[in-house]
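There are two complexes below, and they share subunit A, which is joined by subunit B in the first and by subunit C in the second.
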Partner chain A sequence: MRPEVLHPATLSDALAALAAYGEEARPLAGGTALVLLLHHRLIAPRVLVCLEEVRELRGLQFAEEGIQIGAMVRLQELARSPQIRERLPALALACQEVGNIRIRNQATLGGNLAEADYASDPPIALMALEAILEVHGPNGPREIPIAEFFRGPYTTALEPGELITAVRIPLPPPGSRMTYLKFRTRSAEDRPCVGVAAVVAFEDGICRELRIAVGAACETPQRRPEVERLAVGRPLTEAVIQAIAQGYADQIETLNDLRGSAAYRKRMIEVHVRRALEEVRDGHRSFGADAGC
Partner chain B sequence: MAIGRSVPMRDAEARVRGTVAYLADLRLPGMLTAKVVRSPFPHARIRRLDPRPALRIPGVVAILTAEDFNRPGAPRLFYGVDRKDQPVVARDRVRYVGEPVAAIVAETAEAAEEAAQAIEVEYEELPAVFDPLAATKPEAPQVHEDCPGNVFLHTRLRHGDLEAGFAAADLIVEETYTTPPACHVALEPHGVIAQWADGRLTVWSATQAPFVVQETLAELFGLPREAVRVIVPPLGGGYGGKGYVRLEPLAAALAWKVGGRPVRLILERSEEFVTLTRHAACIRIRTGVRRDGTLTARQVEVYWGAGAYADITPRLLRGAGLVRVVGPYRIPAVHVDAYGVYTNLPPAGPFRGTMSFEGAWAYESHMDTIAHELGMDPLELRRRNLLRPGDRFCTGEVIEEAFFLECLEAAVRCVGWDQPYEKGEGGRRRGRGLAVMMKSTLPRSRSECRLVLWADGVLELHTGTVEMGQGAHTALAQIAAAETGIPLERVQVIGPDTDRVPYDATTSASRSTSMMGTAIREAALRLKEEMRRRAAPLLEADPEELILQGTGVMVRGRPEVWIAWEDVLRRHGLEALEAHGVFETQGGLDPETGQGIASPHWHQGAGACEVEVDIETGKVRILRYCAAAYAGRVINPALATLQNEGNVVFGLGQALMEQILFDQGQPVNANMSDYQIPSLRDLPEVLESVLLESPEGSIHGLGEMTLPPVAPAIANAIFDAVGVRIRDLPITPEKIWRALHGE
Partner chain C sequence: MVIREAFTVRASVERVWAFLEDVPRLATYVPGVEAVEETGPDRYRGRLAVRIGPISARFEGVVRIIRREPPARLEAEMEGQDGASASWVKASFLGTLEPAAGGTRLACEIDLTLRGRLAQFGSAILEATARRMIHAFAQRLQEALESPHAP
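This part shows the complex of A and B:
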């Protein structure tokens, strides 16, 4: 049966619709994942609550303390936004690496997070950026730090009837440099075999704070604070970089899939954590003229 | 002149805008939807099949099972090109995951879907075998009762004294190469609409072989050929996957069961992966060579994993499966043993570059191994051994048109083979590779066409050649225009429709431009002769005195005595003037020795590339690729170049990423997210195309020539860069990384 599609214009209408239909309803954002699930009959909801017209879910807001991204903002918009590219290049890079332009023009950041595909780029960058998810549901609004959001592949901390409404990203400390590296083993449109996001705050060449998130090689994007701390208070020397890369490779439990074996992924984590840190240390990654096309 | 001009493909804009009417766009009154119920097991006995729960679902019209074929007047259950081993729907046994066990016809897709779930089938699982080599072992489960050992055909090629050849060698190199099953991934899936009316069957099918479909259906239903009509709308790609007979028997049987209403069966993407695959091939190749690089003997043993049904494999094994695995070399002694092997996987069949892809993967990688062991430049080794005009191939036939070396040299020129080369240090190393191939086309096949000149000056070309996006109808119209002198914009292409156009064997093996093109030339000659005969009394001259000029006829030496073609027709009271053209190739190989004529002419292509390997990850980047093909005479340079470039992109996917993965016979990546094909961004940074022409050359097909060299050229470049030899496709980063890091 084809599901009925509802088009609420406000957040409260959307939440009400989700509450009314309960498990028989699914929210529809960009549809790049959901429509495939429908097509393959992996889900069969009676109602789809289309979020396209919900105005509270739109827009980018830039403030002193951070950036707020509406859940329905398209990945391509994030990849192309001059402010995002300027202030949060790791996020812009991660969004620009997703699929192809047709996917990015359709997929939304909220939908991407809610799907919780383990092999996806934006969640890895958001993990390193310590994003906070704003969520609304039958019991009102709440915030979920991204580190607590992913519970497993395709599994999140969202309760029934809850919607991600926005993603808030605190601005990284001054003097920060960041990057996102995607490693593909098949086509240029493939999901990552390994994704690494790095955010490092420097002060006079000394590393004040370091955040590394690794994903796609494991069930959820992950950070290892105890390994990150190896860099704090030190310059990012080869030895420090190697120790961190090794630490991530050793401590992350990797998985097997069509993009690579678990053993291969361990080594690819090591290589790409190292490369990400080298890039951040050298600080020369910039957007090319054709980036995102 | 209409030949040699880059006129745009006739339906290019319509294809891009989405206005081409594909099979899926066809809507017939009262049309029903079909859905196939497929086996979930790779090998099982069907213990019970109960369609009744499905029949009770509203909207379900009929359910076809093997039982229906026992009824009086029923079609035959089994079909096949050579071995009639494949049931339209499984009777008591299933042999691969995805095999049809029943089919539903319903008013709506939803009802058909629901019914497919409701059918009750009880299976008893049987042991299964998936690897072609393992299938030949005595302890292997038997896929067909009548085929112990699972080898349904063993063909041989015997040329020269093999023992003496190896005895004369200073070095003998032996290697094994494999290629996995792959999916054609035509953008348009397989689809058929079938309808019975007044004892006549009409089939609209996305097929590359309308006349084979017609013949097979006529045979299955015990009808004269004329009682079956096959109409082919424009295809959205074929690549061999729509060659021969696919869904048509099932759709026709469903239509027969419902009697009268048209039945439409269109596959979903996932079903494409279990409908037809490339062969899983295992090739053992052993070559003797003298220290100076002269080849003395070659022995090739090929196991062609054909899946659960033989399909076209037996026919291929009597020609292509032997001669396409040897290589374009002068070798005094060659033995080939080709085995067609049943396994519990979906049937395998034609696949762009059929068997040449697998063959070249083995023999061209192998040639570089030989060169390496001899300490010889790979180009030099080939120079010494490539077939030259007048040389004898291992089939005993003399090769007259031989441009293998020219192709290879044109390709390597683009990568500066004779220049000093810097492979780089540190984490990224560069390397260069080359490969060349020869491919037979179809011997003993026929193409016919009809030219109809209407009184209003429109020329119709009636042809069975299928337009599948390759631009065949454009190129054929150009040939018709050039051969008749009629302006290209007045040439219309009609067909394929078996009621309206004369016979053509198939649109495959890169044969259409060459063979149908020659038939068109024949027809044009006859049409012009007829025109002269008709014009002669009107001009009060002898037909021999008349020459055709433009779209008129004039008396030689007297241009003022002239009559337009239209007027010739009008004055004879003719509505149209018709001429028929036929072109047929001969040949074939002796079944015991593989000696004879394998091909009326040989497809020749080469490739050279430069790659960069990331040592830490095994990832390969193609920096530059040059594809060179012998084209004879080019009809449409733009379309020819697109074919050539398309070969590289297609080959790149086969080389680096494409493979249908099976876990105990279950396909695990039967969708476009898990089965990856190259995107535009995977193209080499520089992609060059060279088409070698010769003034007196004939027309050569170009749809495949430069595809088979892609995988070995890349593998050879990787070897050059990092010293790692990959022998099992696809060449994934992880395979290179494992070879580099000894894990």
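This part shows the complex of A and C:
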């Protein structure tokens, strides 16, 4: 049976439709994940609430304190936006690495987060960027820090009837450099075996703040603040980088699937955390304003 | 895929064994089990609901206890099918009990096979879901057996 497709034009209409149909309705953003589930008949909703025309979910807003991304903004737009590439290069790099151009042109940031596939690039970058998710639902709006959003593979903190409306990213501290590294084990279009995002704030060559998120190798993207702190107040020497890379490899409980065994993933976490830190230290590939110091 | 988990319950081996053998009651401690009925000696029929992200599956199937060595070792086989997602699950279970400091160590070995559309989620998700269920079960079992009103 084909689901009926509704096209609300406002957020309140979209929320009302989701509330009215409850479990029988699914929100439809870009559809790159949802339509596959429909085709495979793994889900059979009676109603799809298409979010394409909901104006509150669109657009990028740039302000002093941060950047706000509407939930329906396409990954390709984030990969190409000059402001995102300049101010949040880790996010642009992560979005650029997703699937292929057809997928990126269709998939949205909100949809990507709500799907919560463990092997996905943007959530890892957003974790290192300390993004805040704005969510609206039957009980009004609320904010969810990304660190509290993913509860497991394909499982999020969203309550029934709730929609992600925007993703807010506070601007990283001045003097920050960042990158995102994706490691694939199969095809060029594959999802990551391991993804690493690094954001480092330097002051006169000394690391003031370090954030590293690792994902795709584990059930949800993860940070290890006690390992991150090893770098604070020091220059990123080989020894510091190695200690952090080893710390992440040791502390993350890895998954075992077709993209790599749990043991292999641990080794690849070590390699890619090290490479990401070398990259931000040396300043290449990060197309940030402060890159190449 | 073989999943091995072990946990300790603060209760005697005999009590844990009695609990393990009583399948209909044991089933009420497994997250997602909706109904279990005895269909013959050591044979049961039941329904298990599992949710993986947006997908809900409801497996209908049978459980057979194939070997018991009280109070140390229990082997069982399970088979189920979810019509909606056209998926089949097959599992063999081996539980071993041994006295441990302060109680009983229960080790489970589950050999799990999933075929059909749900299998496309990949082994990592299957394993993560199974482990989550085992941990929840372990916690409920510990609470039940360690409470002063335990049966």
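One rule holds for everything that comes next: the second predicted complex is superposed on the first by the 285 of 293 C-alpha atoms of A that agree within 3 Å, B and C clash if a C-alpha of one lies under 4 Å from a C-alpha of the other, contacts with A are read in each partner's own complex, and residues count from 1 in each chain.
By our rule, a contact is a pair of C-beta atoms (placed from the backbone, for glycine too) under 8 Å apart; a residue touches a chain by one contact, two chains touch by 3 or more.
Keep in mind that this is a model prediction, so the values were computed, not measured.
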item	value
Partner chain in contact with A:Glu189 - subunit B first, subunit C second, else both or neither	first
Touching partner for A:Gly152 - first (subunit B), second (subunit C), both, neither	second
First, second, both or neither for A:Leu258, with subunit B first and subunit C second	both
Partner chain in contact with A:Asn100 - subunit B first, subunit C second, else both or neither	first
Touching partner for A:Arg267 - first (subunit B), second (subunit C), both, neither	first
Those residues of subunit A which subunit B touches in one complex and subunit C touches in the other	40, 258
Parts of subunit B lying in touch with subunit A, wherever the complex brings them together	110, 270, 616-617, 619, 653, 656-657, 661, 668-669, 671, 673-674, 676-682, 732-734, 737-738, 741, 743
Touching residues (chain side subunit A, partner subunit B) in the complex	1, 36, 40, 100, 183, 185-191, 258, 260-261, 263-264, 267-268, 271
Residue numbers on subunit A that touch subunit C, as the complex places them	26, 34, 37, 40-44, 115-116, 118, 152-155, 219, 255-258
Residue ranges of subunit C touching subunit A (in the complex, touch as defined)	52-55, 84-86, 117-118, 120, 122-125, 127-129, 132
